[in-house]
Structures are given as C-alpha cells and as structure tokens.
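First chain written, first letter: the chains are A, B and C, and each begins at residue 1.
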Amino acid sequence: MKLKTLLTASALIALPGLALAQEAPSFDEIGPYIMTTLLFCMAGFLVFFMAAGFAMLEGGLVRSKNVTMQMTKNIALFSIAAIMYWLVGFNTMYPGDFNGYFAIGGQTVLDPVGVAAADAALDYASIGSDFFFQLVFVAATASIVSGAVAERIKLWPFLIFVVVLTGIMYPISGSWQWGGGWLSEAGFSDFAGSTVVHSVGGWAALAGVIVLGPRLGKYKDGKINPMPGSNLALATLGTFILWLGWFGFNGGSQLAMGTVGDVSDVSRIFANTNMAAAAGAVTALILTQVLYSKPDLTMVLNGALAGLVSITAEPLAPTLFGALWIGAVGGVIVVFTVPLLDKLKIDDVVGAIPVHLFAGIWGTIAVIFYGEASIVTQLTGIVAYGVFTFLGSLILWFILKAVMGIRVSEEDEMTGLDMAELGMEAYPEFSKG
Amino acid sequence: MKLKTLLTASALIALPGLALAQEAPSFDEIGPYIMTTLLFCMAGFLVFFMAAGFAMLEGGLVRSKNVTMQMTKNIALFSIAAIMYWLVGFNTMYPGDFNGYFAIGGQTVLDPVGVAAADAALDYASIGSDFFFQLVFVAATASIVSGAVAERIKLWPFLIFVVVLTGIMYPISGSWQWGGGWLSEAGFSDFAGSTVVHSVGGWAALAGVIVLGPRLGKYKDGKINPMPGSNLALATLGTFILWLGWFGFNGGSQLAMGTVGDVSDVSRIFANTNMAAAAGAVTALILTQVLYSKPDLTMVLNGALAGLVSITAEPLAPTLFGALWIGAVGGVIVVFTVPLLDKLKIDDVVGAIPVHLFAGIWGTIAVIFYGEASIVTQLTGIVAYGVFTFLGSLILWFILKAVMGIRVSEEDEMTGLDMAELGMEAYPEFSKG
Amino acid sequence: MKLKTLLTASALIALPGLALAQEAPSFDEIGPYIMTTLLFCMAGFLVFFMAAGFAMLEGGLVRSKNVTMQMTKNIALFSIAAIMYWLVGFNTMYPGDFNGYFAIGGQTVLDPVGVAAADAALDYASIGSDFFFQLVFVAATASIVSGAVAERIKLWPFLIFVVVLTGIMYPISGSWQWGGGWLSEAGFSDFAGSTVVHSVGGWAALAGVIVLGPRLGKYKDGKINPMPGSNLALATLGTFILWLGWFGFNGGSQLAMGTVGDVSDVSRIFANTNMAAAAGAVTALILTQVLYSKPDLTMVLNGALAGLVSITAEPLAPTLFGALWIGAVGGVIVVFTVPLLDKLKIDDVVGAIPVHLFAGIWGTIAVIFYGEASIVTQLTGIVAYGVFTFLGSLILWFILKAVMGIRVSEEDEMTGLDMAELGMEAYPEFSKG
C-alpha cells in the first residue's frame, strides 16, 4: 500500500491504521507513546547496525585465513540471538507480564495490528518496539564473545554457546536489573549496560579463551608473537559503526522521548557518549605514543570502544567533563590491560576483554561519582554478574569441549578456519605475503 | 542559518518556518503530518543506504578484476534512477494528481518552501518526503539487475537499460498496485514490494542474464566452475547494510506514523522484518551444513536477504512465528535454487534471481496465510508483473544487443572489465594469487 | 533502567523524566521542542557517520602503505574536534549567551538532567542536541584537510593543526555567519555550510598541500605520475556514507522540525540534496567518457561529492531542477579542476580541494539564483572566509614546519607512513604487486 492509494477515500476506510484518524485522540495523550516507540525503533536500528560493526572490527583484526569464519559467526550469532530472544529470552528477562521465572516456550507476542489508542498502554510504547530494542542488545553480548575466541574455535560449539547465552544466561541475569529483579531493588545502577551487556559478554569471552587456550604459536619460547590483523581499514570502519550504534545503545536506554525532559536527556546522552569515545581514543593515542614512541591504531580503536563502554553505565548524569575523564580512564585501561592479558597468556584476539569486561567494570564503578548508587551496591552487581556469567560460561564451555570439542585441530588452525571448516576463502585472489 | 541566529528576535521574524510558530495550529491537527513526513525521511535515508549495501555485496561477490566496474555501475544506476524518477517516474507511477497515463516531462514538483499548515494536505505528508521515499525504492530495483549481469556486461548498455527500467517500466507496473491501478483494485496485496520491487528487479535480471549468456568458462565440459567472490568481508558488510536498510523499506511502507496504531505497526514491522532475515540466515546455515557438510557463507548472506524479500509482501500481519517460517522458506528457496540456476546454465553472479525473484514470488504468495488476499489475486499479480517485466526487459535487452552490443569481447572479459572498459583497477597493489 | 522497571508505580515516581508526565504540558507547547531536538540528534548521528565516510574514502584513495596512517588521522581528528569544540569552540562560535568574543575555557554546559518544560527554552531545542549537531560539523572540516595532505604529512603536526582549526579558527570564522556575526548581518547566505564548512576545510587543505609540497615522484620530468588509490571499493563505500550523512548535514540545518513548514522543508532538502549528488555523479560519468573515452570512477565519486557540496549553501529554495543543474555544475568543476591542480603541481591526494573548495565556492555563488542574497554579499563572504582561513592556515603550517617539521623524510615517504611512523601495516598479508 502506497501513497496515492491512501489518498482515495475508499482506501482510507479500508485501512485500520488511518481509520483511527477519524476519531484521533489528542496528541497530549498519544504523543509520548508515539515518540517513545519511535525512539525504540530508531535506537534499535542503530544498535542492530552494531552487528555489522562487530563483524567488521573482528574481520579486520583476525588474519585473512579466518575472515570468512568470522563473518559467518557474526551473521549467524545475530540471527540466533534474534530467534532465541523471541523464543524464551524476552519473556524470561521481563517477567512482569508473566508469572513464571523462566519462560519456556513463552514466545513474545507483539501488539495487534492497528492497535487502537484505547487499547494501548499509553503511558509507554509498543511491545514491538521494546522487543526489537532489547533484542539487538542481547546480540551485542554474543558479538563480544565472538571476537575473543576467534581463529581457533569450531563454528558449531560456538553457536550452541550463543544459543544458551542469548536464550537463557543473558536474559536471566538481565532480569536481575532490567526485569525489576533483586539488583534493581537493591539500588544497583547500570543505565545502558556496562555490566548487564558488556561485562557479561566479557565474562563469557574470558571463560571461552581460558578453556580454549591461546592460538598456536602466540606464546612461544617465552615470547609474545604479534599476529597482526589483516585489514585495519575494515577494523576502523567497524569501530566507527559501533560508535554510531552506541548513540542508539545509550540514547535509546533513556526509554522515553515524549517529554521535554526525556528528549533533552536523550540529547545529553548523545553528547556524553560521543565525548567518552573521543576521550578514550585520544588517551590511547597519547599513551601509546608515550609508552611505545609510536601511536598504535588498534589501541586507538579499542580506546574509543573502551570509552564507550565506560560511559554506558551512566551516560546521562555526568557533565561533558565527566564523560571525558570517565572515557579517558577507559582508554588507559585498554592500553595497560591488553599487554597484561598477553603476559597471563590469555589470548583475546581482538581485545574484547579489556574493552568490554575491564572498561565495563570501570564504567559501573564510575556511576558512584555522578549517580546515587553506592560503591557497595555497584560492586555487588559487578560480582554477581561476574560469578554467574563466568561460572555459567565456564561450565558450558567445558561441557561443549567434552561433548563435541570446541577447538579445531592444529592442522586446521594452521591452514585457517576458512578453508578447513568452511572451504571458502574471504580474499581468494589476494596472494599472501 | 544556525542556532543562535534564530534566537534573536529579528531572525525569528525573518524566517518563514519559525514565523509559523506564532500562529501554530494544534498538534492534534499537524502531529500526524509531521510524524509521517519524518517516517518517510528516516525510512528514506535507510533505503538510500541500501545502494551502498548492494554495491558492497556485489563488489564482494565478483572477482577483483571487475570490482571498479561494479562500483561504477552501482553509483551510476542510483544517480540515474534519481534523475529519471523525477523526470517521469514518480508522476507516471502516482498519476492521481495528474490526468495522463504516462507523464512525459511531468517533472515532480515539491511543496513550496515553508508551506503553511493551512496549505498542506494535513491528512498526509509532504510531497518531498514521499517522493524521496519512492525514489530510493526504484533504485533498489535497478541494483538487483546490476548484480546478476555482472562481470561481462558493457557499462553503457546497462545504464541505458537502467534509464528505461527506472523511468518507464518500473513506474508503469508500479502504478498498477501503488498508483491505485487495476491490481490494487483487484485486491492484490504487496505491502512493501516483494513483487512490485524485488520480483520486478529479478525478472529484469533474468532477461538480462539469458540474453547475455553465462560468463566465459562458467559452464565448461559439463562442469560448473565456481568463480568465488573476491572479498567476502565486503559482501557481509553489504548484507548487513541491506538488512539495516530494510527496516526503512518495510517500516516506511506503513506510510503513516502519526497514530498509536501506525507507530505500533511500524515497530511490529521492524520486529517481523528482523525475524524473517534471521530465519533465512539460520535456515541457509543449517541446510548448507546438512547438504554439503560445510556451512556456506554466501548462502547464509543470501538466505538472510531471501528472508527479507519473503517478508516484504506482508511484514505487518504475521506474528513473529509467521515471520520466522516465511523467512525460513526464503532461506530454503535460496539454497535449492542457486544450484538449480547453474544447472540451467543461467549465470547469475550474485544470486539475485533466487533472492529477489524466487523469494519475492514466495513472499507474495505467503500473504494469503496472514492477509486477506486470495491466492488467485496474488498469482494474477505475480504473473502480470512477470510477463510485463520479463518480456519488456527481454525486448529491451535484445534491442540494446542489436544496436550497440551488450557484452564485452572475450578478451576484455578475460582481462576483466576494470582494465578493459575503465582502465582502473579496484585493488591495483594487491597481487593476484 | 529498562522497560518493565518503569512500569511499576514506584519506579515511575523515582524517575525525573517520567515524573513530568504527571503534569505534562500540552504538545502544542512542547511538540516543536521535542521534534527539533530529535532532528538534531538524528541529523547529528548521520553527520557523525560522515567521519567514517571520510576515513573510507581517503583510505581507499591512498596507497596501501599509508592506510593505517589515514585511519589513525581520521579517528584522531574526530576525537580531537569533539574535545576542542567542547572546550572552546562551541562557545566561541555561538557567543550569544556569553559576552566574550573568544571563549577561553568556556566549556559547553548541557541542559540539566530531566529539565522541566517550564525551565526549557520551549521555542527551540536542547543545548545537548544543538551542541552535538554543531560538533559533528566541525569534525567534517578537519576531515577535508586530512585527505588532501595524505601520504607525506607527519601525524602530530597534523593533529596540532586540527586542534587549532577545530578549537579556534573554524569557530571564529563560523561565528561571523552562524553566530550572528557581521556576515550574517550583511546578508550572507550559506544554509548548511558550502563556505562555512567545506570551503574552510578546502582553504586549510590548500595551504597545507602548498607548504608540504607534492609527494615524491608525483611530478617528475614534466610528467604527472598517477598514484592510484589502493581500494576503490572502500572509496565507493566512503562516498555512499558521506552521501547518507549529507541528509543530516543539510536536512538538520533547517534547525527546526516542529511545524508543517519545517518538516516539509526538511524533506524538500532531502530530495534536493539527493538530486544534486546524483547530478554531480552523472555529469562526471558522462564528461569523463567524452573527454577520456573511459568513465573514471574516482571522478564519479568526487562528482557526487561536489554535487553535494554545491547544494549545501542553499539546499532548500531550489526546485529539483535547480538542484540538478547546481549539482551538475559541481560535477563539471571536479572533472576540470582535478587535472588543473596537477598542472599547477598542487598535489591533493583525494581531490578534496576541487570537491570542497571549488564546488563550495560555486555553491555559495549559486545561492543568488534561488535565494535573496546578492552576488556582492556572497563574494564578500567567500573572500572573507578564504583570506582568513587560507592565511591563518598558511601561517600555522609554516610555524609547525619551522618548529617540528611537518613532512616525513624521503626514506619514510618511500617506505610508507604506516611502517615508518606507526610500525603497523593496514594489510600486512596482502603482498604488493
């Protein structure tokens, strides 16, 4: 159905949506519902696009022999998350409208088509918009894991992990805070998910890389062998896309746009989010210049991302200066913890653990400087999510390892996952130097 | 003109737009117009970005010697579509405000600058927003053709085909449905264009590849020679961009956002569109694992796209489960028809015909399960668009072949179109393996 | 804080934003504020994404040995711009609320969290949204310089230049027009910044390339040696991203979306912006075919961008035909001035000066055909910005050259900046042909 059809009188009657216009309620009544639903749709498509950002970032930071696999994992994990979150996740995470703790088979049901103003929860937004917005968040959690365990994990065990993470683990722990659960009641504060999303992804990733072990030859004869990413232009694009998506991630988490206060807050969040990313990037730039005499692009990219993760727990309350120093600390964290992990022989291919776990913890703590949360409550939340997700993931990775194996053979790892597991190179024509 | 200028009293008087604020009509009256115009702008820029998605998808799936050509074709076809749709297309497709059947020289005219509420069609949206939204749709149709005929077509005959397709053929057949024409009156249902846009692109592509013939060496000695894409990271990026754009494609086709019912429907469409894409991708992933023992990334990408095309004819009415199975069937179609075309020696470089034509037909039929359309009407529409577009395209391709030739010489095809036709390589420094 | 939490009564009271809903003022009063704030947020994220567009365009047009540097420069310059514009830029540019001419240390302060309708400037929009929107503009100016001086400039002098450009020079000259300064009072017209943003970037770039000198071997023995870009797929992607961002750039510069007139104008700007880009691309396509017998993709990309720059000074008033011919002239300018610069041995790596300076001047002049500005006033503005920015930049580049040197050594330039300055290749595995 398109424009001119609508302009004919007969069509007007036939269309449920427009028929409402006849008896349209006042915008004072419906305006906030419309604006907030729009916020979720808009923020949702921005966060959706982060799936592309993660894919490009990770695809750029792995070696070219593993790029097809990284692409496959990223599009598959997003798709699986979308299905699992509908099947059980959303209703498990937001149990308010249901009465069970865990929603087995409780598939999400959207608003009816052409819902009338009289039938809608006018103090809020459409279920469809909220579901879509929450769904793209859970996919981000899974994307975080994907990067850390790259270049040696088998496809299917990884995807089974994603099924459990997005359908069960994330929704359960998410409900503690965003489902009105015990942490929410205890006063834990995590506006857009430094802990609920990013640390959770980071903990799951940490468990994964520990169980998997480092890539062949990464730590050999006491030396750390750099394995440079194959395409830094792609990694930079991925970072910019993630930065873009973060406006939706944090801005949409205001969860309302229908009042002067709410829309102003959304814009304040945009400004703060941007500032934290910028501060993280500049900090990493300067620090790597000072420490290594050469700025390190991958650190700058991860510095920007760490700034973003750092501000995610409280992107609203800080001043712009607050966002700046919170983001800058994120940049510092990345520069110092990336080599630290290497010293511990924890092989995180893309730096996902420093960026999402360490900066996520920092961001959750930083809330105390601008919000009303206490350090005890914040630490309680951090530990609770850590214990639950890390232990749960560890158990799951071990089960997967025992049942089907999670790591490719040495030979396949040398060959590269693209040819060994998928039989398809990402750049078949570019000869390798 | 920027902020602070506006805040001075003198500037306020000077600016037509703000002067209206003095005598501002009630939001009850103007709210729907504003929201729907915004929907078209927002959905429009998302669909615009699909031009980049098609370019990246196609650029990633052709061999590196033809990438510059593919880029040139994609930016040129979008630009030509923009001009032709203004010159004749829009007014041909939506003849309501005009009285001719075909609008020769009937250039689109936008609303006057600073149009007053009193002068606007307040039950709808601005012409500018609608024109922009419709324009980006027609460009998508042309992009579909571009991928199928890649790697052996000459630039200029292709662009002349685009001129006719976007200026004449698409607008005429589009008017049957979206211009309030005979198919619309017959009850044919195609919400966002599984048939009107995607099948039409697919039929035009099918005619093109038949007239062109397969690439040299593609089908040789009874064997199908795979010609792998040169950059699967780029192809994946393109798929994600298309997926993003589809929220605008389907969501914007609600054509209204100013009531509770409409904005809720838009969000429902977002959720369904996402689900269909996810289901298409997962289906292709599993099927290729089962059939070939190795998941095939290009099939997964095309599976997601086929899921999107499948839900496009009715993204609103289905439940999320409906979107899932409709999209999943799209994934099945792609996995089975891509090799089928190869058996028929129909050489579609990027899988455009399975994705846009076959899944488009499927999506149009699937409407009967959730909408009010009858199978007879749906088949009538499918056949009508097929006959008109396929025959029209066939004739046009034959004329172009007779008049100027549409295929490069064998030597040029071996060399690659980039050096032969354009004298410029896409990746001049990366030596070919 | 997420959905279900909000729906509990206790949470409703606790949240400042939603508490307002109790005493919600009429949408007639708050609607325009909400819509305009939303416009700035939406347009702002689109313009933000132009940073990625510039990075990809420039990364695709330099040789592969300089891609890491180009990425580093682009993410760093955006980040520096974000910090400098907060620290001094915004308050220098819009001095209305302050009383000094230059705002040393006058950091931008956002609206309080949960600002009440009673406390907001309801005739406009939130400071946060406006700040964010203006900030992404200044970053664009710096990006323009980055491309022109590529492949031989040292990182740190470039970044120091960016500090001064974004913190001091751009805000001072910007205030002449958008801060309600003398050019604004004189009647100079530059809607979205053909001169204020694009020419300014172009002048700064011109000064830079003159002081730097051409790349080694570019002009040798009286011949112009082409140095083809390493990745035209990336350059095309960058162009599409810039085109996308331009809808925000020009559309957002309407600076209001809360009336029928304003939202219609925004949509009119979208349509015109798109048309100008299309016309620029098609013109460059046809002209390069006619002049060189082969269409030139890089010219087509720059043609589209020149069309966009050309329409930026007045994207609202022209008809679609007006946008077409204004954009087409932009395409002509690019095709003829790119070789002209080479003849003058001015080595602009990506064509930034033709696109942003020459087409920017053209666009500023073209205002006289559709707006009320006189040619004298327009030329006054063009010259004023030119003299100030070119001389200021020239002095700054010379100081930087004297103090720390701005150009890498010949050996480093041959090696490539990536290894020489950063020790990191963008494509370490792809062997060079």
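The criterion applied here is as follows: a residue touches a chain if its C-beta (ideal position, glycine included) is under 8 Å from a C-beta of that chain, and two chains touch if they have at least 3 such contacts.
Quantities reported herein were computed from a predicted structural model and do not represent experimental measurements.
Fitting chain B to chain C on C-alpha positions gives a rotation angle of 120 degrees, to the nearest 5. Of all residue numbers used at the contact between chain A and chain C, under half are used by both chains, marking a mostly different-residue interface. Between the CA-based centres of chain A and chain C the separation comes to 29 Å, rounded to the whole angstrom.
With touch defined as above, residues shared between interfaces to two or more other chains in chain C number as follows: 26-28, 31, 42, 231, 237, 427, 430-432.
The touching residues of chain B, when paired with chain C in their complex, are 1-8, 11, 16-18, 20-21, 24-28, 30-31, 33-34, 37-38, 40-42, 44-45, 48-49, 51-52, 55-56, 59-60, 67-68, 71-72, 74-76, 78-80, 82-83, 86, 107-111, 113-117, 120, 122, 125-126, 128-129, 131-132, 135, 155-156, 231, 234, 237, 421-432. Within the complex, the chain C residues that touch chain B are 26-28, 31-32, 35, 42, 46, 63-64, 94-97, 121, 123-124, 130, 134, 177-180, 184, 191, 228-233, 236-237, 239-241, 243-244, 247, 251, 253-272, 274-275, 277-279, 281-282, 285, 289, 294-298, 300-301, 304, 316-317, 319-321, 324, 427, 430-433.
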